[in-house]
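There are structures below to look over.
Both of the next two complexes hold chain A, though its partner changes from chain B to chain C.
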Partner chain A sequence: MIGFLLILFVISMLFASTTGRLEAYVKIFSIQGIIFFLIILTYYSHIPLLDFLLLLIETLLVKTVVIPVILIKVIRKNNIYREVEPYIPNFFSLVISVIIFVFGFILAYLAGQYTQDIRPFYFGISISTIVVGLFIIMSRKKIITHIMGYMFLENGIFLLSLSVAREMPLIVNLGILLDIFIGVFLLVIIYNHINSTFAREKINIDSLSCLKD
Partner chain B sequence: MFQSFNLIALLFFLPVIISIILILFRSRLLNVLALFFYSCMFLIIIIRLYIYPQSYTSYFQADSLNIFFLLILGIVFFCVALYNIHYLLRSKASLKQQTIYTILFIFFILSMTAAFLSQHLGLLWVFIEATTLMSAPLINFEKSRSSLEATWKYIFICSIGISLAFVGIILLSISTGEHHSLFFNDLYKNAGSFSLFWLKLSFPFIIIGFGTKMGLAPVHAWLPDAHSEAPSPVSAMLSGTLLNAALFSVLKINKILRLASLYSYSNSLFFIMGFLSVFVSTVFILKAHNYKRMLAYSSIENMGIIMIGLALGGAGAFAAFLHILAHSFSKVLLFLTSGNILHLFKTKEIHKVNGLLKRDRLTGWLWILGFIFIAGFPPGPVFISELLMVKAFLLKKFYLAVVILIFLLTVIIYGLAKAVFNMSFGQDSLQSFSVKVSLLDYLPQIILIILLFVIGCFMPDVIYKLIQNCLMYI
Partner chain C sequence: MHYVIINLLFLLFAPFLYLGLISKVKAFWASRKGPSLLQPVFDFIKLLKKDIIAGEATSYIFQISPVVGFSAVFFSGLLAPLSWHQSVINFEYNFIVFSYILGLGRFFSIIGAMDTGSSFEAMGASREVTFASLVEPGFFILLGTLSIYTGNNTFQDIFNIFNQHSGLNYLIISLSSIVLFILILVETSRMPVDDPNTHLELTMVHEVMVLDNSGPDLGFIIYGTGMKMVIFSSLIANIILPDNLNFMITFLFFAGIVAGLAVLIGCIESLMARLRMSHIPQFIFFMTAISLLIFFIIKIIPLGTK
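Let's look at the complex of A and B:
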């Protein structure tokens, strides 16, 4: 069951690296929240009730509903629907993402030989998700896409912390704190959008270039 | 009276009380006075903690390493709060903005203090993250287009960095095997039995993560922007204390690697990043057009020197700690003075500032003295630390490395000197001007100069002992 969910997760990440629509990113993010929720459900017998509840709130409420809604609002408010504006064609970013995942699995295979403390499958997928998140940040022009790439990165970290969750519930709680941070982070962004001096321009990374040497 | 009171708890609750008062009674004067009052209380409490170390729950404790950093924070905060009085009073921002600025400033200090005091790895991470959150709106205080850009880069780059540090912490927790606790004491006690593979894998993540916050070379992109666009008191705090907080985290985690006998592995990482930082800052200092950016690159350079010193160990480690102290004080001195220059000339461009000594003699001399201290000329402590570092290099027989380092440092001194002297001397183009500079704009810098002079010339026993205790700890 968990294997199937993780495969779904990988597919969603691959889709994220090819799609051109901004709202598709938000939907992928929401679906990943549900996948996390299902993964945690299969854990239920292993973790304390309080941690379990916190995780439920985080995945089902924050990741699946709250953050996607905020993002959709930002997108609609600023009239930016399509154009992810990648620096490289979508096909190549798909190829690169696949290569990253292959390397992740190789790394996980090697790591699995050193310890029995982790599940290699989890580990490989989460590490490669983090790298794909960084790749999305680097290869897209729009600032809003950078936030999405950052959140995929966060999801990778969340998956990584789940892979040690049975031994270390505290780490999971810290992951939740990280998510609270994203909330604040997004609030700042919205705040900036409203008050910004960039009010009527299309905001991409090229307009943020007055500071350089 | 103090004995029955938990001072760390007082440190934590005072900001909350002050913020409530500031929200209830809004006044410009109250804002600056509250910040100054908190800084005085802070300094007194830290000195008291230094004499009688205390702990507050099992999570917070004053020990021999963090008290060194806390004392630097206390002194720097006191000076900056003093400077802040006149800065905020002459600022044109609305009362609401000033109140938010003051409250965030206090909580920024609080999160750094908590990061220093925390005895748990996870908690340390949480508070380092909090410093980013609290300081980001401070950078955007002047609400210009460029400060917005700097704030964006700061939040984005630092939060990615800190997330990577979290990956490092998770990997470190995998390496602990059956010992689950992430308290530093337990980590140090069990370090011998950790899985070396995971520990080795985690450390690059941790050093890249916290190194981002520290401004080490490949991941320093946010630092010059944020330091140059922030208001001068905030730049001074960022450079003088925030970089130390990130450095402190790296030191704490580095001890685990040392106890697991991975000393040479972490040292080589320190060495590479340190050299790269010095090199990158050399290149950029030479072509800097903005004097605050120039100071920011100098911070990157000094962080690099500190990392090199720590990697060398022995005399080098002593030099590194002395350098932390000296860099904090002299960089705060320079950033606060740069605030005066900005106020006098209304520009950050180096070539538009001429005849600083003519326009305001004292600011000009503070600027030149600050340069003398940061460049490492004899009366200052930077001179001693750099000399010790060269000695440590020679003892380890790294001849080529020391030649390269001295060459890079010389180029940096040339770059700094060219800018500083061009700004200070020459003819003032403007004959009459109406900008006033008050005593409060000089006093903090004078205090710092006296401290630096005393440390450089006499090396008080207190400082020597503090550094020795730190060396015992790491």
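Let's look at the complex of A and C:
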């Protein structure tokens, strides 16, 4: 069962690296929230009740509903054009993410042979999700996609905390989520301000590089 | 022995019904009555009665290419496992022969298209080669993975994975079905990759390559495409079906799954738009990505449960 969910997660990440639509990112993020919710449900007997409830609320409410709604609002309000505008063609970004996943799995395979403390499948997927999130930040022009890459990265950290649950208590993830939440909030506010300052429809990081003191 | 006979009959007659079923489903979505299920048979007979017209620029390659193409498909059908996990011709590592015989058929259809000297057909041929080269790694990774997983090395045995009920098996079965389904759509040029109905040359892949063929040649090309679809659908059916059911039930389930896939393809053709030409490579590469995923799953999941 968890295998199915994790595979769905990987496929959603691969889709995220190849899709051309901005709102598809938001939908993928929402779907990943549901996937995490279902994964957490299977953890019922392993973690304290309070943590369990907090995680359920976090995944189902914050990840699945609140953040996507905020992002959709930002996209609609600022009239952001629906294309993602990557620096490299989508095909190559899919190829690169596949390569990242392959290396992540090889790493997990090696790690699984030498230690019993981690779950290799979780480990590989989470490490490669973090790197794919970084890659999405690097290879896209728009600031809004940087926020989304940041959130994919956070999803990877969430999975990593599940894979090494013995060392890294799940509650740590709550702190991370809070940071991310505030981060998204700040970025959204800054984004709105940048937009009203520059007063043009299309902003990307190229227009930021011409800023001076 | 009756396995072989029924499989041969299935291979020869199912393509017509398969194509008929697809057009019936498309007619259903368009609220039409649609042609009868046997319409492809009548079309085939009609085409057989016609003469072949070859362009003045063509050489003998244009004339032999449909023959080679069809016989390659038919021979690969003999190698592929059909009902009861039985292929008609069975030897070790025959899945490699299967893939390259299909490749031979494709090669001849490509040089046949280029032989006409039409720039449109050359463009279609170039697209066909691009897509075929993207499909091949995914297909081989999948077959190699299944071969490692089951420990068998013949085409009919590597699909025997549904013997025990375990989560890993279900996972591999569902992912492999997705891979093979994308393979059907690409290999036979169906909807998200290529529109079989359009005759706008700029967007065609497979249709544009057979623009010059006529009469019996065209009939055999269409028949061969249908047969290819039946062969790949029966690969999916082989993955899904367990091998311990009784004789009649297995065949019924097998035929049912193949028919269900025809219905699915019909639904996709009616409900989806064709992908933009620049988006097709990443759609096909997705297949390779999923096959790689299957490979790592069979390596890594057993490690975690140890």
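Quick note on the criterion: the second predicted complex is superposed on the first by the 177 of 213 C-alpha atoms of A that agree within 3 Å, B and C clash if a C-alpha of one lies under 4 Å from a C-alpha of the other, contacts with A are read in each partner's own complex, and residues count from 1 in each chain.
The rule is simple: contacts are C-beta pairs under 8 Å (C-beta built on N, C-alpha and C of every residue); 3 or more make two chains touch, one makes a residue touch a chain.
Please read all numbers here as calculations on a predicted model, not as lab measurements.
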Mind working out whether A:Val98 is in touch with chain B, chain C, both or neither, as first, second, both or neither? second
Quick one: classify A:Ser30 as touching chain B (first), chain C (second), both or neither. neither
More residues of chain A are touched by which chain, chain B or chain C? B
Who does A:Leu153 touch here: chain B (first), chain C (second), both, or neither? first
Going by the contact rule at the top, pick out the chain C residues touching chain A in the complex. 167-168, 170-171, 174-175, 278-279, 281-282, 285-286, 288-290, 292-293, 296-297, 299-301, 303-304
Write out the stretch or stretches of chain A touching chain C in their complex. 1, 3-4, 7, 10-11, 14, 18, 20, 89-91, 94-95, 98, 101-102, 105, 108-109, 112-113, 119-121, 124
Given the complex with chain A, which residues does chain B contribute to the contact? 122, 125-126, 129, 133, 136-137, 143-146, 148-153, 155-156, 159-160, 163, 166-167, 169-170, 173-174, 177, 180, 182, 195, 197-198, 201, 224-225, 228-229, 284, 287-289, 293
Chain B contact footprint on chain A (complex, rising order): 111, 114-115, 117-118, 130, 134, 137, 143, 146, 150, 153-154, 157, 160-161, 164, 167-168, 170-171, 174-175, 177-178, 181, 184-185, 188, 192, 195-198, 208, 210-211, 213
